[in-house]
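Same chain, two partners: chain A is paired with chain B first, then with chain C.
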Partner chain A sequence: MADNMTSGLEKTGAEQALAQGFAAARPRLPGADGVDALRARAFGTFEQKGLPHRRVEDWKYTDLRALMREALPMAPLPDKDALARAQAVLAPHALGNARRIVLVDGALAPQLSDLDSPERGLSLRPLAAVLASRDAPVGALMAQPDEAVDPLLSLNTALMTDGIVIDVAENARIARPVHLVHVASGGEPAAMYTRSLVRLAAGAHLTLVEQFVAGAADVAYQVNDALVMELGAGARLDHSRLMEDDMAAINVSTLAVKLGDNAHLATFNLTSGASVSRYQAFIRFEGSGANVETNGVNLLKGSQHGDTSMFLDHAVPGCSSREVFRAVLDGRARSVFQGRIVVRPDAQKTDARMMTRAILLTDEAESDSKPELEIYADDVACSHGSTSGALDQGLLFYLRARGLPEPEAQAMLIQAFVGETIEAIADDVVREAALQAAARYLTARRT
Partner chain B sequence: MAGMLEIRNLQVRVEEREILHGLSLSVNKGEVHAIMGPNGSGKSTLSHVLAGKPGYEVTGGEVLFNGEDLLAMEPDERAAKGVFLAFQYPVEIPGVATMTFLRTALNAQRKARGEGELSTPEFMKKVRDVAGRLGIAQDMLKRGVNVGFSGGEKKRNEVLQMALLEPSLCILDEMDSGLDIDALRIASEGVNLLRSPDRAMVVITHYQRLLNYIVPDVVHVMAKGRIMKSGGKELALELEQSGYAEYTGAAA
Partner chain C sequence: MPAVDETVARVKRVDVDQYRYGFETAIESEKAPKGLSEDIVRFISAKKNEPEWMLEWRLEAYRRWLTMPEPSWAKVSYPKIDYQDLYYYAAPKQKKSLSSLDEVDPEILKTYEKLGIPLREQELLAGVERPEGATRVAVDAVFDSVSVATTFKEELKKAGVIFMPISEALREHPDLVRKYLGTVVPVTDNFFATLNSAVFSDGSFVYVPPGVRCPMELSTYFRINEKNTGQFERTLIIADKGAYVSYLEGCTAPQRDENQLHAAVVELVALEGAEIKYSTVQNWYPGDKDGKGGIYNFVTKRGDCRGAHSKISWTQVETGSAITWKYPSCILRGDHSRGEFYSIAISNGHQQVDSGTKMIHLGKNTSSRIISKGIAAGQSQSTYRGLVSAHRKATNARNFTACDSLLIGHTCGAHTVPYIESKNSSATFEHEATTSKISDDMLFYCVQRGLSEEEAVALVVNGFVRDVLQQLPMEFAVEAQKLIAISLEGSVG
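So, the complex of A and B:
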């Protein structure tokens, strides 16, 4: 077991700093007594496992013990200057008429957020306030029945400061997208622990876009974010995530989802930021007939390390899942995709498919793909596939023979390659934002 | 006076094997040259080298295009200078809309020549005009580049690109391959519309059939990596009768 293996390891400097940081921060972390007990328990769970390393199978390719040398102190509440820097970076990322909710350095910034007069059936509450309230929904905030599912998620539980709690009432269809922007304002390098909760009651609809951006360049901040979703019967959530953190940052984010009967989740992720990142999703089918479409793309360059790991748990019959993942890798970048699909004995008629493709633009780039199917039912359709290679030379030559200089020809093929995942985004404005994020990567890799 | 295209003693290798053994060819503007030859004679190698496809090593000779060293140019520079290769097997590019592709190509060439880029309305009008002249349906333009196109549609798309980009030298590589007689006729009619006193064409083909539709001024027989014989259009008819045996040394 991972625990046993780790218990023999000496604590790293980062792990020691985390322990000291937790002890120091604990008195001022938001939450009533129940929440404090939860934090203590979660930190104990984290300490037992420590930072994951290459001998922990789920983290095999992302040795955080080696990649995260130090644990930064928690970010202070944003001051006037921090808020001004955050505001400046928001403008270019405006998303049509979306309702913007901004977290600056891990704290909800009401001044920059649009929390007023929510549509009927939509409730928006700051996490810090919810944690401090007498009836904090401790159970719901926990990602899984077993909170110890992952050490970085446990760490998030222990240290979470703020975020947004979104509830959508039964059959409420919220047309206006919610745009949740995480801004690292760019002060002293610091760590942010954010958590948000999205609960859709039966028949509710919501479009949620998460975005991670930096207010200043070359600040080596650390993000640990968690987004917990609960989709009721027949609910539909369209979720997109654009991670464009600073190239010096570390971002570890967890998505934890539970789906009820016939619920539908369409989720898209684009990772182009951070020096080291891990986006891990734990998706559990708890109601039959539920459906998940996940599309993801890692656009990496330089010495970036980007890990996308999806764990799908088909626990009930008749659900379907589609995972389409693409990576474009320049320089010495490394992209990791892990996809585990578990089909439990009761989950007959499961239809689960996963396909990953990577384009390596240099000989030094690396793509690691690890599909795992664990199937315990006998009447299912499951498949996976994985390819990696250079840009097609035949296609490149065709474009160049028509007059496109090499960088333009490459850009056109890369756009087409990632376009397939972006096209899956239902909302026009969100799709355009994702295309622009991809275009920013293409521009950056050419300069 | 030197021709538009001057190929002198061209020697080309592919992976240590010499394919062209000193090929010379001169093409003047306004002329249509046919290059006929058996499989393996080096016809497609010649077309690829002229367009700048990677993987070919030029070990000797030179190619001048309007007096400039063509082989020193990148493929996109050659295109901007007016060289167009109609591919034997046009590739499918999923995810790239035909209109985006055409517009990007045209504007890239205009930019390289120091001309202004066309605005969207200007470009749309130009494409509609050209497509109309060639009888190409609008719905073909709405799809991904060549995606799901029949062999005939792919070749018509090549002709459409040629008409839109207005090159001065068109190299047609085995345009007849994979086409039935109707598709061949339609594609050839498109090519004939583009014949002009300022434009040269090099038509590479295995069969004489294509030359019934695109009637050449000069016919060359190519075998073993060289031009073996040149003549008028009647040479193509002779070849139809006698085959290539005379040039390959094989028994007829």
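So, the complex of A and C:
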């Protein structure tokens, strides 16, 4: 249905630019013949659907057709200046002893990355090299979700340039977190298309932190990132994502996960950057007993638009999921939360819960939430809750009465409000980094 | 234990997929030719002796409808409807205009008797003496496309309440109808409402003057009898300043193998300080156990709390129809206005329900409450779809929503699709939803105390829906409770 409607629409300037950009970039994009065919197919899928707009149900609140007026050209490989700018911005975002991997303008930067002497059982390979190799794991990279599910993911498949392929061997427990930093160096306005793959064999453990930062202020850029995860039986992945892109950026990121028997995924996302952003997760339970905890927080101000959309597919029995989402909205910001939980006919004994709450600090802010349940099995316990409102006046008064100025009292309440999601992060250093990201929002808000 | 005896007797009376109201009335009727065209629209308008502006209104709707696509976003699936293969007008043949109920075809009267709807006031009055203050119900009976009888007209007239078929109101009170018709559900609102605007044949019109509390419950009873006939009724209720009215709606249809279309529009207008309570027990034929036949129920219902301190309350018990597509809504325009939605949707067999509400907060200090209970059994699919939104100026808007679903069996589905949009920081919205099955503990407890499993299920379900049943007027609550037991027949085991 969506296709019919789209086909009736004229191509936007951005869509035309993307078509030209793809045609021009195609000969230079990494990958053997099979990959090229895949790119062509994916771009065809994207072209057929076009940029999603409000008539496309899953993008109802994020009308990208209207929000993304132009498509920027693909970023060139980073030169010396770009790398220098990137390096400068990395220092304040250092993360304890974490192993850092840096992508600058959509290309892996080995000079800035720590790829040497990985622990036993850990394999790190640049995506560009993997795509170019004969035995590119195309299937794994694309497996889930079906590429046709989302037009922006199709676009990513067509244009992906680089990223990291992480494999963790059976029962390997990697203690040192992997810190994947996406830097937009801020030379010329440009777009970057990155994709990474994380595969954990049975019983493997990994902590992964993703971060999005800019090397210069006020230079427009567009990020389209995809992260594909595959968790084997009993594997555990702790994943955190801090998106602090520049206010001149558009960031659309996709997380696609497949979980095996008794696998465990704890994932946290904080969005405080970018003028327009969408973080969409497709999580599919394929093994029984698997468990997912997702926590998210949108901290927005000015005229930011932040969309977090989680699609959980309980395809097998006996799995559980917990989703907690918070939004704090200042200025004219707009936060979108969509959460869909599907329980397939055989997925008995599913336990799925979702809670979303938003605080509006001004009357110009807007919160849209769509927590959906789609349930085809009877022996399940599923629930969702959603609230929105202002900061509790009673609590504010209490703090003011004790001598705290209004901004500080507000900040304290906001910290407590989002704290619930951040506290869930297992790794101390990562949790501290998330708290700092939240603190940066509160500081920026006050100035 | 009389309660148990009664239940057992009731179970015996109603076999698994037997629909109590599935009989057909053999009666001669007058129909417009099959299909839809401008001529049919003119035919309907002429039949009703409508003023010229009304015909223009209908034609405009018809032309607009031709350009609209049929909506496909709801979670229901059905074969494409051939809109040219329907009769858009069917009326029981009658000699001339009726002066009293005695002239109504006895077959029709019998039909309503069989349905338990009293059309003879004297019978009602001769009935058991009711205690002071007990409610009597005035009925407008709509048979296929026309209204056949309206009771208690005189008594209502004394109170100043206008209650008559909308076709009559168009002739007798054209100014009132013209002032309000289409102001809540515009002609171009949606595919089915636009179709209704073009071809609606009858329905009820209610006007309660300022400060009047309507002395009795008003009720419409819809009956589709003819084959291949679409029913398109239109209800318009206006409660003027400070008025109060409670309105009940019931509907049934004969058991047929083919699907029938019902596309109604209901518009409510509550002016300052007025209150409208609208209750529906929807029991259209749901189709047989294999999903054959049944009514397609595509209904647009909307209330406009136009004045300050006004209140509109929707209560619905949905047990019938093969497909339900229905979202009774409230536009909370007046400051301090209030909207309520209480719903029980029960689906069994191959029924598909996509229903919910919209609460649109525009005024200051508006509040709304949504309680929705969905029960899915058999191979049915039940979806709650609702919107709660607060406009920028809706300071202190307040909403509470609870939608719970109960699944009986593992071949049915229950879905929740709420949209919550807040554009005002002082708007406080709370939404909660759960889905579960009847707990084994509860069933075991009941069965252990001597109830059969079916009775136990009915008991638990009745407890589950109690919040909503309490909102129904007395007469309906009893009926609804029975309906719930009947609808779930065959769902256990």
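Note that the second predicted complex is superposed on the first by the 445 of 447 C-alpha atoms of A that agree within 3 Å, B and C clash if a C-alpha of one lies under 4 Å from a C-alpha of the other, contacts with A are read in each partner's own complex, and residues count from 1 in each chain.
Following the convention adopted for this analysis, contacts are C-beta pairs under 8 Å (C-beta built on N, C-alpha and C of every residue); 3 or more make two chains touch, one makes a residue touch a chain.
Keep in mind that what you see is a predicted model, and the values were worked out from it rather than measured.
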Chain B versus chain C as contact partner of A:I375, first or second or both or neither: second
Contacts of A:S367 with chain B and chain C, given as first, second, both or neither: second
First (chain B), second (chain C), both or neither touched by A:A217: neither
Chain B versus chain C as contact partner of A:S383, first or second or both or neither: second
Chain B versus chain C as contact partner of A:G403, first or second or both or neither: first
Which of chain B and chain C A:A416 touches, first, second, both or neither: first
Which partner reaches more residues of chain A (counting touched residues only), chain B or chain C: C
Touched partner set for A:A91, first chain B, second chain C, both or neither: neither
First, second, both or neither for A:A358, with chain B first and chain C second: second
Shared contact residues on chain A - chain B and chain C: none
Footprint of chain C on chain A - complex, ascending: 1, 57, 345, 348, 358, 360-390
Parts of chain B lying in touch with chain A, wherever the complex brings them together: 51-54, 74-76, 78-80, 84-85, 87, 90-91, 93-96, 100-101, 104-106, 108-109, 112, 161, 165
Residues of chain A defined as touching chain B within the complex: 392-395, 397-406, 408-409, 412-413, 415-417, 419-420
Complex contacts: residues of chain C adjacent to chain A: 72-73, 392, 395, 405, 407-437
